[in-house]
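The two complexes that follow have subunit A in common; it is paired with subunit B in the first and with subunit C in the second.
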Partner chain A sequence: MSAAPLPDTAAARYAGSRVRRVEDARLLTGAGTFVDDVTRPGMLHASFVRSPHPRARIARVDTAAALALPGVHAVFTADDLNGDVVEAWYTGTGSMVPDTPRPPLAAGEARFAGDIVALVVAGSRYLAEDAAELVDVGYEPLPAVADYAAARTAEALVHEGYAANLAGELAGAPAETIADAYTSAAHVVSETIWEQAQGAVPLETRGLVAEWSRGSRELTVWAGTQAPHEVRMFAARLLGIPEHSVRVITRDVGGGFGQKVVPMREDICVLLAARKLPAAVKWIEDRRENLMAAGTARHEHGTARLAFGADGTLRAASLDHVQDVGAYPTPWPVGTGAATPMIFPGPYRVSAGTFTHASVFSNTPGRVAYRGPWAFETLAREVTLDIAARRMGIDPAELRRRNLLRRDEMPYSSPTGMPYDHMDPLETLEQALAVLDYDAFRAEQAAARSRGRYLGVGISCYAEPTTPAFGVYATEGATIRIEPSGKVNVYVAGGSTGNSLETTAVQLAADALGADIADVHTIQGDTAVTPFGAGTGGSRSGSMIAGAVGVTAAELRDKLTKLAAHKLEASEADIELARSRAAVKGDPEAGVSFAELADIAYFQPYALPPGMSPGLEASARYAATGMGLWACATHVCTCEVDSMTGKVTLLRYVVGEDCGHMINPAVVEGQIAGGVVQGIGGALLEELAYDADGNPVATTFMDYLLPTATEVPLIEYAHVETAPGPEPGGYKGVGEGGAIGAPPAVVNAVADALAPFGVTITRLPLSPAVVAGLIDEAGGSQ
Partner chain B sequence: MKPAPFEYHAPDSAKEAVDLLAELGDGAKVIAGGQSLVPVLALRLAVFEHLIDIRRITALRGIEERGSSVWIGAGTTEAEIGHSDRVARHVPLLSRATPLIGHFQIRNRGTIGGSLAHADAAAEYPAVALALDATVEALSPRGQRTIPAAEFFTGIWATALAPDELLTGVSFPAAVNIPGGRQGFAIEEFARRPGDFAVAGAAVAAGLDPGGQVSASGIALFGLGPVALRAAAAEAGVLGRSVREIDPADVGRAAVADLDAVPSDLHGSAGYRKKLGAAMVARAWEKAVKEAASG
Partner chain C sequence: MADVSIEVTVNGQLRRAVVEPRLTLADFLRERCQLTGTHLGCEHGVCGACTVLLDGQAVRGCLVFAVQADGGSVTTVEGIAAPDGTLSPVQQAFREHHGLQCGFCTPGFVTSVTAFLRDNPSPTDEEVRAALSGNLCRCTGYQGILAAVRAAADTTSAGTVNAGTNNAATTNQEAR
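Here is the complex of A and B:
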């Protein structure tokens, strides 16, 4: 989509328009700088020795043959590295929670197929892999906890000290306290919904380069991360060195989606090893490692219990939720896991509801964050809602229309205590249905069925907490410096993984200062020069950068205005900033460029107004208010199912999204589209499958199937801006929603297509074999 | 995902390549486009001390009409075959199979010799070679020999090639020479996504005599066993019958009825694959006889 030209007026705003991405010139010409593009003098390369067993005692690790290979510098085992850990807690989790075990290298026991047992460092990656094969590990296989759903009664324990393989449990009010809502209901619909394990699968795998400077005792890390400052703080604590001795540099990152939100065990090993090596060490995860060991997500199930009045009015919504956290969840999984059933009541008017949550270990890699980590709540609720609609004989669009919250009902507190405000769920449904032309589709569907073709439509609605306003996420800083040339440099923490944070910062700063966008540049991702910020996560970057740039630019704007008024001998109230100039209102000829003002500020201090400090630079922090910003959306998808092969073909996909005002509609649509595609993958294709013994089955892209352009229809958007956020700028988060809404929209569309067969769908993914099996089980004909 | 060390050889002639194979023994492997072998090496699923790259051997490339056959050099890329008018005219089944192989980047490097010698059970070219009764040419220090396609594929990733034999080319009977006068060809496969290996597929060559009786039938299955297979019972079941009496669904059912080693994996159980295979045979049969009837 091409950028719309901006109107050539003094008051033109960049925010809200499709400004072209400033990142694209380098990224689209293959000239980005990713971790693997970093080369250091004498750089060494790391490779891990990984357990082939889902669970095994490690009787011995013999490194002699590997060390004897020419070109091998070191082979580290748990004995060499694990004792060096000073502190290993994540800032977002804090040091006080009962965090789950996360040893750098497996010590004594390997806990999943792919667990890291030794770290080899050599002159090249080829040599490192040759040497890794020569490390002789004595494994004694043990029975594994392969299936998390059976883990609580399994004899084997993933971690000693965690009885029944429970990592943690949390629950809301006891079910008895809301029993009335169920016993008095006209309809109660209860279904257990199962989601399969998936991976974030960023285009760029994990990786880092770590260089220890022996003389200055400083560590420099080039990291593929969503949060450079978190890597810095974590590394300082890990090694027990002052934070100012660690510099983290991140330029381009090819996707994170949660997988790169905090340093993981491999990163920890490389950071620990760097201090013992004479040169920088690089570790680049390969694709097999990424699929085997970079963590799993979405592996969970839950029993949804919905109660309705006779007219379909939702009376109660509860979820009993169990999630697989694997062997080494990262970060602590219980708090975010419990958020899943707490958000379950969703964007609906419902007065009763409660929840339980259990996080359960298994001998698989470990749960990691993945775009909308709580997304299962939407899957469980929306799929059960459609099942309920069919049972009650109410059209699924109508059932939602009767129960979705309206803008004028805000603020609204969900039965699990979610403090909704500033959102318009019903409007997202109406706009999405209008774009689709729902009634026309129903007519088309009926006509197709009469010809033996199975078309379906699926709807999914959700309310999404964005821009969390607590802890590490509570504030975001910016430094803006107008250089002596008059050009503007915006320094923010960054952590862009492709999500356009450079464009966002430039666009917002240009507006806030009245600068021409071509004069604005941004520096991000280098902890040595940027203010602290928590990076990309929680759908926060857009709104928090808007806040940080806003408060910082306001200070500079004030200074520019005062300086221009002094120079032009005009009143401050008459000064207008636009197109990198300060001009007097009504007299555009009377003006002064930012370059001229900068020249005064830096080189002619005698010409400054009395009392004004020289220079044109400001630093400030924005503090998020309230509990966060609620976005919401409705996804509507149509599909055709081949009843013989079971293949699902998606026909149309419409998203009605309420993310408040949009900084850049092209970026918003890019975020939605990327998430939707991941959600489609989760519904139809992707599965990090394990066999009954706990061995991974999908370790290459031949078996882990990602959606491509041929599986994804054109995505259509209805932007709902009727409930902007309270501040800043009315922006709300939009990073995760696409991935949250898509799986149930697709599942519901398939279920609707198969309604003539009497099929009920409660398990993902809907591979052709699964769909064909469902039709067979249902009798194979209408 | 870096291969173990190997020595790289790039001979200029087929004879030189065969001599190297004989000299280096089991530690040597022929590489052409590398589209299957390189991932195997990178994942260290197999280790070879020597790779013999045959891409410099110009005599192994080309598409030629030789009598009533079309000869294709082993080193000819799938892209070249897909773009060849000669192949489209005389071996249309091969033309139609080519776009189903992977993605264009893969077809730009992958070769027909590599596809046949690798003998993946789910690959398209082995099934085409079976359905058309192609002849494979092999060179060894003992000289040249030919192997009928029906005898070439022997097991999982296994062929009739001796360790010191190099596949040099393959001959397909030109379409006009299939007995019966009117022929039709079709290939159908079901894959999770375009470009993926087939979950199940079928290649069909059908000949009809002027009276509409089936005078020739080649039905090959892929993705449905350890190797590509001929569906002999289904072929026999249609021979000599009037095409109008044949229900394509019956041909499909007959083609998969006796299969006993159908793979079962993440993408489908053996039962699902058989059902799909029957449907692919039925669809391909229907298309092939329709073409023959209109030819």
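Here is the complex of A and C:
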């Protein structure tokens, strides 16, 4: 497939405008269909028995009392399910990597508090939970590896066969090869930055309904997933049945943020159990399970080493990175983990840099993807840059201005080999600073300090790889049918979890065909009727759907044009498609509706132009030309810190984002805002905390604090569209950036506010107690 | 404990059922009334996704037992729009201002805001934020929601509401 530009749509009216979402009517009236809303005849309900110990030998599992409870259908243990696995690898990772262990149910040893030991199936959820309490598990507690940072020297092993609890290591060029850049530098600043464990925490927990049809040997799965086709491929391999014997149906999904990218162990158990049950089985995770077992993210630290010339010119940027992968990382964490330090040099002009990466096991759940999984690189770099700016006596905005790449320097290869192109980092800084009026804020800050009030401003810049276009993500397909009525149906894989993919597909198809948007409908999320697509992830859906709809609609546009020219006895060159009509240029009265053309195409084959096939349907796949699309942004945040209580109040928040052209600015801003507030949560509130023994202590929303409407600032946007992407439409990804840029912007703002105290911040989250403690440690006064 | 017979008026319709005393109102609505618009996000009373109006008051459906609603009147998100499907001012404002993305928390926001603006038709921005603080959203960063509530307040306090489109308010007044 070529990456031909989108057809010249003179009638383009929808892309670029704030089209109202087609999803909203059902969601606002309670008529959505989330996975827990699905019911099937005779449906059974599942509940898991979970280990209360961070690490324990499982001596026995006695299911007799649970099975004796009326209404209980089955209790499965590792002996019942684990042997049924045929293959269990994720398409994006492939079958050839040295994947980490991921047994369906814990066999022999429980490896975190919350590890699944048995699966109970009963006639109702209430009964299943009652029965789960009756399963008698003999645990023999073992010493746990609670702290990943000490895991490499711990005596205990999370998994036999992984010496020093090391899941894997990767490294760039040896540090000595760039030693000159450091020894010759005027300033070298090195800091170790620590990020706490966080969760994706979609408001809808995980869940699925799996139904095995014995007669036809087919599996139907209703899944809350970001990738219905991945669930299908995975389930087929898992059960050893043909892909066409699995159908996955996904309608509404209540957020994913990476947690619902691939099936996890609970999903695997339910898929395996379904084949042994007489009716559909539903598993809906509760919030406690979600916080203690649905995976952790962001738990990592790294030593950043930045070298500067005397004028603040960045000469080298290196990161030694260690991440906690827990007990059962999903998927394989090493390759994606190494991306973190590889992206570390960021959107800056710097010629030297290298990295090391280590993925380390611990007796905690397991690392999973979370919106911008590599985001730690931006935190480590931007926080260290601000520390460096203070030490060198250069304003942090000026330091970035001197070092950020410009559009006219593209393409540019980072010292770790990242092939930047089509982005404008400096412009995002300038626009964001202009919106804030940076100089005015500095004056306001000085005045406030003289009155004993501590205001601060924080800046964070990043370059973000979006729309990865290789492997499972390389292509995206669409089928478009102009039905006999003339109405349009667009079929794409979907995987929308609040990303407005239905609205996006409808907008793009309406423009590409010249249809009235009210005539366009989309069908997504059902593997039986949609073309393969890898789902949401990697900030890929907008640009890849644009490509898929573009190449597919181009075929239909050509057919509509030829058919209309034939019918109207006009030249093809004079036919215009707009508002669901084909008209002759300069003679709007001479036209024919899509409905009339469809009637000919389906019911009057004799009236078609010679050689034209009947019908109005096309399927095509789009392949991106490069390996991905680079977006970039600058976040600028201001805050006030109460020096007595440590409370941080965010005042203003500006995002200057270069995400290419926008399909729907309301959707773009919604994605940015949602990510920013997740990042604010990570900087100030959220922590999946464990005690020293490895017991989870944040298993409710009273302990795991999500941002609420009372904490968030008004977010201001400075869209930068000066460096559109190279693919059709000039779109780039925008799903993850907000979450990447926000934590360091907030940290830097707090550090700037506390600069008079000489405070250096290297650990998150910045709870009031932590901030007050930092001020106390620094002597408590200026 | 023995099962209990209850009668609950749900969105104007009388529902009779025999339930376990431990059945939550949210599960009663979802499973016994097939009103799945009421969502469960935490089942411990923090996220607000399961908010419904019980005798006019916004309550957490996960923290109320169905038996406690016996004899009462419940309005769920399915009962907020007019019978002809016309969205209420609150629903309309959420749609106009991108006040929802995945839509999972949305029913709780719609019901909470409906009750809030009924009781405080002209709130300050601070009052709006405080009123929303009992409902969690993970998608929007609250930006569109805050704008939507402001717009809905401005619309309703300007007296432009078509009384016939607010089914919830009508039901609740009758229930008192």
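Everything that follows uses one rule, which is that the second predicted complex is superposed on the first by the 771 of 782 C-alpha atoms of A that agree within 3 Å, B and C clash if a C-alpha of one lies under 4 Å from a C-alpha of the other, contacts with A are read in each partner's own complex, and residues count from 1 in each chain.
Keep this in mind: contacts are C-beta pairs under 8 Å (C-beta built on N, C-alpha and C of every residue); 3 or more make two chains touch, one makes a residue touch a chain.
All values reported here derive from a predicted model rather than from experimental measurement.
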Tell me which partner A:687 touches in the superposition: subunit B (first), subunit C (second), both or neither. first
With both complexes superposed on chain A, which partner does A:398 reach: first (subunit B), second (subunit C), both or neither? neither
Quick check on the superposed pair: does A:252 touch subunit B, subunit C, both, or neither? Answer first, second, both or neither. second
Considering only touches as defined above, state whether A:136 meets subunit B (first), subunit C (second), both or neither. neither
Larger residue footprint on subunit A, choosing between subunit B and subunit C, goes to C
Mind working out whether A:287 is in touch with subunit B, subunit C, both or neither, as first, second, both or neither? both
Output check: A:558 vs subunit B and subunit C. Expected answer is one of first, second, both, neither. What do you get? neither
Answer with first, second, both or neither: which of subunit B and subunit C does A:768 touch in the superposed model? first
May I ask you to decide whether A:437 touches subunit B, subunit C, both, or neither, giving the answer as first, second, both or neither? neither
Which partner does A:645 reach: the first (subunit B), the second (subunit C), both, or neither? first
Interface residues of subunit A shared between complexes with subunit B and subunit C: 126, 286-287, 700, 702, 708, 710
Give every residue of subunit A touching subunit B within the complex, in rising order. 125-126, 129-130, 133, 286-288, 644-647, 685, 687, 689, 697-698, 700, 702-703, 705, 708, 710-711, 767-769, 772-773
Can you list the subunit B residues touching subunit A in their complex? 1-5, 39, 43-44, 190, 192-194, 196-197, 199, 265-269, 272, 275-276, 279
Would you pull the subunit C residues touching subunit A in the complex into a rising list? 20, 22-23, 30, 35-44, 46-47, 49, 76-78, 80-81, 85, 87, 91, 94-96, 98, 100-107, 110, 128-130, 132-133, 135-146
For a test of understanding, state which residues of subunit A touch subunit C in their complex under the given definition. 18, 20-21, 23-34, 36-37, 126, 201-205, 252-255, 257, 286-287, 497-500, 666-667, 669-670, 673-678, 700-702, 706-710, 712, 714-715, 738
